[in-house]
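Across the two complexes that follow, subunit A remains constant while its partner is subunit B and subsequently subunit C.
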Partner chain A sequence: MSFFSEDRVSELKDLFFESATELLQALNEQGLELERRPQDAEVVRSVRRTVHTLKGDSAACGYTALSDLAHELEDALTPELAKARGKRVAEVVLSAADIFQDMLRAYRKNAEPSSGAGLLDEIRALVSKTEAPELVVLTPAKKAIETFEWSEYEKILLQDAGRRGLKVLQVSLAVDPNCNTRAIAWQMVKNTFQDLGTVLLMLPEDAASMEKVDNLFAAIASSFDETHIAKKCRIPMVICDVFVERFGAADAAQVAAPVVEEVVTTKANASLPVEEVASESEPEIGAASISAAPESTLRVDAEKIDAVLNLVGELIIGKSMLTQSISEFDKKFGRDPLHAKFADVLGFQARVLADLQKSVMKVRMVPVEQLFRRFGRIVRDVAKACGREVRLELAGQTTDLDKSILDTLAEPMAHLVRNAISHGIESPDERVAAGKERFGTIKLNAYHQGNNVVIEVSDDGRGIDREKVVKKAVERGIIQAGEAKNLTEGEALNLIFHSGLSTAEEITSVAGRGVGMDVVKTVLDRLKGSIAIETEVGQGSTFYLKVPLTLAIIKALMFRSAQKLYAVPLTSVVEIIRATEAEIHKVDQHEVLRLRNEVLTLVRLNRLAAQAEKTSKIFVIVVAIGDRKFGLLVDKLVGEEELVIKALDHHLVSTELVSGASILGDGTVVLILDVQAVVSKLGRARTQDIKSAGAMA
Partner chain B sequence: MAKDLHLVGFRIGRETFGVPISLVHEIVRVPEITAVPEAPAFVEGVINLRGKIVSIVDLRKRFGEKEITQSKKNRILVVEVESKMVGLIVDSASEVLRMAADQVDNPPNVFEDGELNYVTGVGKLKDRLIILVELTKVLQKGELKRLGELGAMA
Partner chain C sequence: MFDTLVRKDRKAIRYLVVDDSVFARKNIIKMLEQFGGELAGEAGDGCTAITEYDRAKPDVVLMDITMPQMEGIEAAEKIIRNHPEARVIMVSSVGYQENIVAALQKGAKHFVQKPVKPEVLYEVIKYVMGEEAVSMQGAAAGDAQ
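== the complex of A and B ==
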């Protein structure tokens, strides 16, 4: 049985990491909101709720360092504090989000997290500074706070108790500032409560945290009336003020500021102004929808979905086996009336299978919003660090994309956005001087384009100066001076993806872009996507990231070379032409072919196989790699098909030439070639090329 | 009393080899194999095993067998090595062997540092000799360098 419980714990932790990631995302967003509207008490409360949930969840998993820190932050966050300290609070919240993130990362690796002491100091500094002026204004004997800020969970708990017919009273106690034995005070209050009825909630939750707070909140179920409770709770030298209220009554007492030392409010629900009721009932609605939401959404491990997808793949193979058997049956008993029945059943099965496959594929898709959401924070931080004023615009958030692609894109996109802000967008003064708005704009957009999704990252900054890029590339020896003249616009801009150009610091400031751009390109290549740039000096630039809808299925062109079946992604195919051996010329050790007014460099694919065959009539598949075109010589074209890609990941067979394999309807395995690797690898072996070409001619 | 070893016995040439039965997923006939470019000589390629792509190693080539005859008796042992499925082509495979652990002798010294260090023991079963092999080593020996290169690339 212990085996089971261990399993449960790791499952619980997995769930925790999932939800914690989302909580931190929410915390980031709320922090940004807080920065915009520090006066809004509702925003502060939402931050508090998030922090509270994080605290509870992490405590449940035994991550005490995190939960303690969250607790500290939750305690510090009050609307009053936000009002008094403004943006400073938002900054602490955002840096807290970062520290929580680091701690989570550590926990995930089963490592000991950082103590977060820096954050603790920040929080304390925040609180103490607000309280200092307050002490001057207020009388030494503090008043009990008359508003109750229960978390969603606590509210539900209290409502639940109320529904069970209990009379729920919320009590707020102000601890006497002269009381030095806070922990004992806590225990005394608790004992008093227990005499009066059942303690439902008590904040702080333990005696140890009493040291840091001046107010005690509790909810008790009691049959005594409010006055009696207030009297009982007034413990001399410990509690200087008491406020008791029936749960559910709004904090209308704030309006009628009490002059008497002892304040006991006994307002019933009915006497409340209508507006108050409305505002109070809002969080309740929120609570109800929260409890309903989990029923319609499931968290599923991506591996489990992949397993289902694999099974669907096997079903499809099973179907084609069945089709084959039936066609054999037909040959034997062609006139059998069963024939029509079989055909019907097969047709039905095929339709359902196709639907099934589509549905499973859909499960893997998530809206790009998940990715875009992270950029609010990135833009803010980078803009702040670079002294820019930047606005983020999002469009097309509902576009669906495969989850794994989405996750892989996060890093390169962050890179592009960072570059756009630090190098693209000018400082506010420069912008005004150039007749632009003070605020620079970063725009993220996503849309479908055939079987691809295009994600645009654009800015309205200074753009990329093509001439400077080319000049630097020549200086760096990446291209020859002679070559530079022949570069097309696209080729020149693509130079920024060259690692030699991008790694040097001073070039980036001149050319505008470039730190680690080669990494961006590499990631997109790996995703079988592409990247294009559009830029105008002074107007800004746009990066177009084009990625396939899903990694699991691609449209591919299948062909045979030396009897072997291969496929290449259709996205890289430009056109297909027919040629004869006689039309192939040799230029500078390369085999080339004239295609209209272009010269194609050819790559012989049959060199992949051990023995090459002679065929006089050949097909040339024209593929584009970046701006350049190459011709792949193949023996026979087979056709176009949607292929479910499976990884060829065993170390014995993995090769950069093959990006994956797929299984066709009849069970045949087809290898999907990585066009770029094939061209660079087979195009390189020039000497062999001549020999084999010579033998062929 | 020593534990019994459960082995799947297979033949390559004239010898019988054994691998622990727990590692063997299944034994299938040799289907059509798709060759993979740039693979080492003893790697035949990949097959479709009910929707899964499985790499195929010709164990006979790997063991340096001189004469390789393709026959209907040839089988593929689908085994799990380092949590990946690999298919091994053998001359024939059909028996499950059970022998006491104390019937297994250490391999002769000559094997230890030579090419044959994947032999973990020689078992005696009545009058037969069963060569026990360690699959992880079989599939890695000579591959280490290649693996290193792959690691550097990634």
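== the complex of A and C ==
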């Protein structure tokens, strides 16, 4: 590796790890597919291809232990083996995926990986038992693909040939699934084409790339008719289906249109008379479209995007600083003609900045499919371990979500899914007895809701029994017996997220849920998201994970309390009302306020203010948490602002009530409140204060 | 069990079988007889194959790849150079993929994998003969020897 710089090597390795992760994901999926359809040679071949690629890549990076193991597996994997040994092969493939994963992890840490000897034994055991009978089961023939997807360049090449008066035929060939000598097949096809006429295009372009594909596409100029060509191309043992079509006039017209347009613009720019443009001239057509050949995707390190996003954040702060300065300028020189000019420039800048922010955000967005795909394997493994039969349904995979949020959600979702299978879904017999389908269903769904994305994790299992949850919570002293009867259904269910309840072993068997639920909640809180449950005993449960589209920038409502500046995310604000102290009543030791037909529980952010006179006006910010509303009592409203969230070090702020901070245009620091934490902490603290006060008296 | 495969002029198709193993040759010859073919010549090495071709002018050559003195590829290449109309089918195990590809590039018409399966060989010969052969029900042309 001495001819590469250190940087280059580490870059290559990064690339390898990234693609290897994808390969393993694919291997997991293919392994599952293989388990379902061990007889399908195509599936076996896809597994083989993946293992092959992994082998090659890891060898290139010098990870010989991995590549040797992959090599062994690749050699063992044949359709015959899968036919003979059925699901056992899928088992080995899946456990290979796990072992490869471990090895990758070790390599990433520059550690020596495990030898994988166990896997090697498994592979060898698998092969040795099958050698005896040679199975000549022919895989059903496949159909040739009947559409041709030539690149722009290739289309032009074919049109050009057509214009020269050649009869251009496009040929699609399906390689015989039983053909295990792909390079030979390629050569044979090529020979056949050469006998028939002139080969204009042939994909794959060389015999070496043939290993990976099952379809050949070609375009030839030939004087033979379609049926003769089809007959000649049906090479025994090599090609099982042929589709021949004349590179048609319809195609040509379709393709030609945009290309000609392009020529028009190029030529018009060069200010040539339009009539001349209309008469198409070939060389320009070629030139124009080669330059337009699209290369549309590139991989970028997430950190680089984060850096850009961070800078955009700084720019937004810069913008508000500018706005501030200009409003000061206005106060001093309100009549200055420069005023209007400043306002215009500022408006323009704000618009561009908004677009810039949006575009960068978009870059960070990835479809949730990336996350959902991992669940196939999890569901299978957990279901197997618990003796359940479970089907996974996915919906809304194309919903986009910020990559970092997506990654953070992986663990809590896995928790939910594992719980749903082990505690939610009943054993097959139990299900049948309850008149349900034998198969339990886990469903993952994702969709947008305003500025949020909701991810649903639902099962059709036995559901959660609220009363048992509440009973347990009372037993454990998490809530008082008196409180218990005042809980709404949602609040009762939310108790399962309480750490005191959820880590207890028994509750899992009683209530059906609980392991690590507090962790799930914590993660969602950190993401400024929320979690809600809907459950029906005997019918199943659905968890709604609601997360913001992005983490970096939020719209917030700013207010003052005890002279300090705070903000709450605008998404959690329902409305703002004005009230007087006289309107506040006490019910059950809670301060409440009547809002139209509802009774609003109040949270006083500044407790000292309680001593204020009865007549003083106060502001109440109504926030919604789940299906409940609370009122935050604040001293003064400041306004709405787009805040760029800066993460707070734990050493700086040692309270969970604040989720982040931001800098305003004038340099003031504003603390962003975690509404959920504030309501649950201050709300409860207050009741307990009063209780203990009552006990003392 | 196979339809008889004959030339357009209803004469039996004539074969040259080249393999250094006598057993392999006999095996293939037996199959060819089942298709109603006629053995035009046999050879155990590449040199003999070339002279045998010149002498017998067979319709189809079945050529093994690994042989002493002159490899199958070289023999095939020389035959095709002298007789561009020659239909040479390479016979070999898969391990020699590169050699087979090379032979195909030199003009060999097809390839049959060892161990040779009669139904595969039949299809390949039929394909290689193309328009020049017709298949007939039963053993009608069997009397052509």
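Definition applied: the second predicted complex is superposed on the first by the 372 of 697 C-alpha atoms of A that agree within 3 Å, B and C clash if a C-alpha of one lies under 4 Å from a C-alpha of the other, contacts with A are read in each partner's own complex, and residues count from 1 in each chain.
Operating definition for what follows: contacts are C-beta pairs under 8 Å (C-beta built on N, C-alpha and C of every residue); 3 or more make two chains touch, one makes a residue touch a chain.
These figures come from a predicted structure and were not determined experimentally.
In the superposed pair of complexes, A:184 makes contact with subunit C only, with no contact to subunit B.
In the superposed pair of complexes, A:114 makes contact with neither subunit B nor subunit C. Of the two partner chains, subunit B is the only one that A:565 touches; subunit C does not reach it. Within the superposed three-chain arrangement, the count of touched residues of subunit A is higher for B, of the candidates subunit B and subunit C. In the superposition on chain A, A:232 contacts subunit C only, with no contact to subunit B. Residue contacts after overlaying the shared chain place A:325 against neither subunit B nor subunit C. In the superposition on chain A, A:449 makes contact with neither subunit B nor subunit C.
In the complex of the two chains, the subunit B residues touching subunit A come out as 32, 34-40, 43, 45-48, 50-53, 55, 57, 84, 86, 139, 143, 146-147, 150, 153. Per the touch definition, subunit C reaches subunit A in the complex via residues 94, 97-98, 100-101, 104-105, 107, 109-113, 120, 123-124, 126-127, 130.
Put simply, subunit A touches subunit C in their complex at residues 180-181, 183-184, 187-188, 191, 207, 232, 234-237. The touching residues of subunit A, when paired with subunit B in their complex, are 310-311, 313-314, 317, 564-565, 608-609, 646-658, 661, 663, 667-671.
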